[in-house]
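My structure is below; once you've seen it, I'll send some questions.
A, B, C, D and E label the chains in the order they appear, each numbered from 1.
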């Protein structure tokens, strides 16, 4: 196992992608790279084949919604893992809520299929090039994206609750 | 793929020996195991007649405790309702009037206190939240009913009767309240 | 005639009763093997459990799926039940009672092709399952039916061949004769029971019998974890009851046949010391004891073993069981021929064996003559 | 899902229950001792139901170990676990496929009321789609409670008259749930 | 997806011009052990294709977590993979501790290891005994459930519940191991292996079982990684990836254990790997139990997160304030973003937490291993029989609660 530091990873990525790397930080030791939305696919594809980094395991794809951040409301997080070097990496891109579309990475990782569908289901992120971008967990008839901040969690039909007592 | 941890060991052996290929040795071995169990003492707890012992900290039906003088501990602060992830607790509070000191320990008390047992997930967070040693979960089980409304437990079912105290002394969460 | 009628009725009642209580036995055996108690609330030790099941099924709503074939849907369980019940007719349950003038066989019909009758009846039984599964108009049921029929066909062959081995040794297709052949326990310096003469044949027969009864590890037609209920998925109420009942009756009959063919039926060591009614009763009890032992073995196997996969089942049937049975048949044939003196230059025995060809059934009788000297 | 009227259990105990004939009693006892469950186990409660089937609790003592996954053969629908709105139609279909007489045991907070999951996707109690006979609280209930619930079902079964399933009240009940009477 | 080398057909004749039927495996099929649907396209018994539908018990965990204060999320995580709830609970607690920067005492680490490994045993026992049930051998299942009951009793001693444990708190445990726990765990450690061996003997080398499981639902290491497999299912394919070793948490680096791997990633490999993992877990528990350091069962220096002892609440004003603050969820948490992974029963269980400093998580996403690897199922069963499909499903140990979140 080689000892690849976060700096080394970052430098190597910056060498390759330069300006596309918008921002980077290391919250709790996990290198987080914000990348231009249209470059995510290239970056992840390159990371997988790069013979030094060998970031070839997709841990997680997830969305997040930041309604107050104008123009960058929807965030897509990719957690990647280089098993050989034992280095984790978070790649993220921000998308505007009017057109939350990003290139699908199902051609790089088969396992991204359902995770992208889930993100679509929850946040309405359009993954271009996804073979079957439909809802996965919720009913097909649902007409909103429930994980966005403006929607309610609660089921409207619950009767046995008096909201006064719960302070929320 | 190379080893990631240097600790790996292949554990599945798919090559069958000649004896294993014959089916019978393993089959007879398996049958011998089950045969031995025929004569083993059964492990069943015949539930309604015999009851299994619960841990003293078991999280079952709630009880609203009274203090040593028979006064209700609950002061209707509402922490338990806030702490409840299932939002199953509701209560209304009232000021203690003169002459009710023997009933309620604090100046404020819960006029109604309801737990919806169908909602409750018995997580025990209300017990932890209570600053007045009023609500505890006990090792009693909530019975099953035919009707939905029976599961709304009001104070009549929750507050322990004065003559039938519920023992919660074995719960380690109990702090000794100073006199 | 009246006696026959009594036997028929008694047999009918006993078979049904036993089949009903086999369900309880199965549940109890399973429970004990799994460190449980099993049914114990319906009556003392759960003795009324089968009655409760029956009563419930009888009063359950009986309905037919919308797309099912009306008549076939009813006929299916009927055939299964009917065929499983008639097989009991040819089994000799106890030694015959010797009356002053006649001997009364404790058997409904001493057909001289008894074993063929059983094989035939069992083969019809699969039609019940097949028709039932097909008529349900359910894919799982159809899968069950297909599995059942192909399984039956494959295993019947091996079963038939293994039975032929016994028939060759006995020289008769009558179960009565086959049982009588195994008189007592020890004869002519060797065990008289067929299991000691034909152990391979016994193993083949036991396995094929398991398969014919759709018992684990060959319970593919119902196969709960894969096909939900298999052929009886769409059946409810008493029609389902018939299917389940037929299964247990089949198991009972199979075990009876196993004990008759291989374990001497009602014969037991030292039976010559008894006679008359005592012998009949003792013989009957011994027969039932043997049968129940095998039923227990069937259950024991069921609750121990995993089941096969469909293609493995076929593989075992065609590539293991049938060759094994055939080889065994061949060896038996050679041995019989040798003991008959086919390979010797002795003219007498050769003529005896030539004479045998003219026998109506084409099997030897000379062996019977030599070996059944002191049988009835 | 709109507002659904909650129906409070099935009123059998205090209905015709007291005029049982001998036949009713015998058949009731038979039925009660041979309740074949259809475990509609979706989540956590399903594991506790497995525990109930296991050696330590042994639901077989009540003659209930023969699980019938085919609804045609089942007498008792044990709904154990969360029922989401996506699953509700399937649950209803399974209930409709069951042959009369049939009972429903709702096991666990999720099935009874939605429990902790007061969320957009979870049905707030299965009694919004099918009539429930006995509720078992707990999340998940202990096997003791599940057995308790089964025994309550047995009591119900024993006290039910043979005619109940043809009665107008029953038809009315089914109609309330928009279930067709087969 | 179609021409993977692992999916060799069992049938020699691929060109049978049979009638193709569709078969619904699920949502309430007995083999699914949970609710999800597989629509199989079958030619006879052979599966040509399958399409899955999931989401039947979607409970909106992630949305729910955004509406609940931090200390109320532990009960929610219980219901993710309910076969091994303590691992989920502790994974969440460790995530929170990482966020707020709490160092728990070594004793808490060891206690956690014991409980987590017990949970792993319980999880694997369910999975493997259910493989037994699906092959038709119900008896092993009942033997193993007796052992599971013992594990339940151990949980019960610590937290008071059997299945959905809500065990542990942010910063430690709600209570120390009781004397009864010590008695029971000693007995368990002593006797478990004997019973477990019995189960092993019933199935492992039985040819019927081996024939059934070998080559049933295989997946190669490359495909498994591509799909994002982790845990026993990945290890069965031969990759020794284990979070406990790769990124040790809760003092796992102190313990000596091996990582069992298989070769082809088929059902038999998965069964063997789980069997061996149970043994390794037992070994870890023994080590942790024997070497348990003295100390407190909670982290004493974070009164703002770990509920103060009840006695203090009644006497000390400070403790009472903290008590109210914690319960009301008013304790400030740092703004930040954490990803913490633990080795759950089914693989890497990750918690991705974004905190904006409020009383509830801003966004909490669970990496649910079941959800990620269940999508490989159609590929694994292609060209196999229905029986294999059933076995593959149970050996993957797809837990509906974790799958649908």
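The criterion applied here is as follows: a contact is a pair of C-beta atoms (placed from the backbone, for glycine too) under 8 Å apart; a residue touches a chain by one contact, two chains touch by 3 or more.
Labels paired with UniProt names: B = NADH-quinone oxidoreductase subunit I; C = NADH-quinone oxidoreductase subunit H; D = NADH-quinone oxidoreductase subunit B; E = NADH-quinone oxidoreductase subunit D.
Remember, it's a predicted structure, so these values are computed and weren't measured experimentally.
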- Task: Trace the shortest chain of touching neighbours from subunit A to subunit E and give its length in steps.
- Result: 1
- Item | Intersection of contact partners for subunit B and subunit D | A, C, E
- Which chain wins if you rank chains by how close their C-alpha centre is to the centre of all protein C-alpha atoms? E
- Chain pair, most C-beta pairs within the contact cut-off: B-E
- Item | Farthest chain relative to subunit C (centres taken as mean CA coordinates) | A
- Taking each chain's centre as the mean position of its Cα atoms, how many Å separate subunit A from subunit C? 65
- Query: Taking each chain's centre as the mean of its CA atoms, how far is subunit A from subunit D in angstrom?
  - Reply: 43
- At what distance in angstrom does the C-alpha mean of subunit E lie from that of subunit C? 47
- For the pair subunit A and subunit B, the C-alpha centroid-to-centroid distance in angstrom is 39
- Going through subunit D residue by residue, note those that touch at least 2 other chains and give them in order. 6, 55-56, 58, 61, 67, 69, 86, 113-114, 116, 118-122, 139, 142
- What positions in subunit A touch 2 or more of the other chains? 83, 86, 137-139, 146, 153, 160-161, 167
- Task: At least two other chains touched by the same residue of subunit B: list those residues.
- Result: 4, 27, 30, 33-34, 37, 42-44, 46, 82, 85, 87, 116, 118-119, 121-123
- Name the touching chain pairs, please: which are they? A-B, A-D, A-E, B-C, B-D, B-E, C-D, C-E, D-E
- Contacts from subunit B onto subunit C in the complex sit at residues 27, 30-31, 33-35, 37-38, 40-44, 46
- Query: Across the complex, what residues on subunit A touch subunit E?
  - Reply: 27-28, 30, 32, 56-60, 62, 64-65, 77, 79, 83, 86, 88, 90, 109-111, 113-115, 118, 122, 135-139, 146-147, 153, 167-168
- Message: Considering only the defined contacts, which subunit E positions touch subunit C in the complex?
- Response: 10-11, 21, 23, 29-31, 45, 132-139, 142-143, 146, 202-203, 206, 208-209, 211-212, 385-388, 390
- Note on the structure: Per the touch rule, the subunit C residues reaching subunit E in their complex are 30, 33-36, 139-140, 143, 216-217, 219, 223-228, 303-312
- Residue ranges of subunit A touching subunit B (in the complex, touch as defined): 1, 83-84, 86, 160-162, 165-167
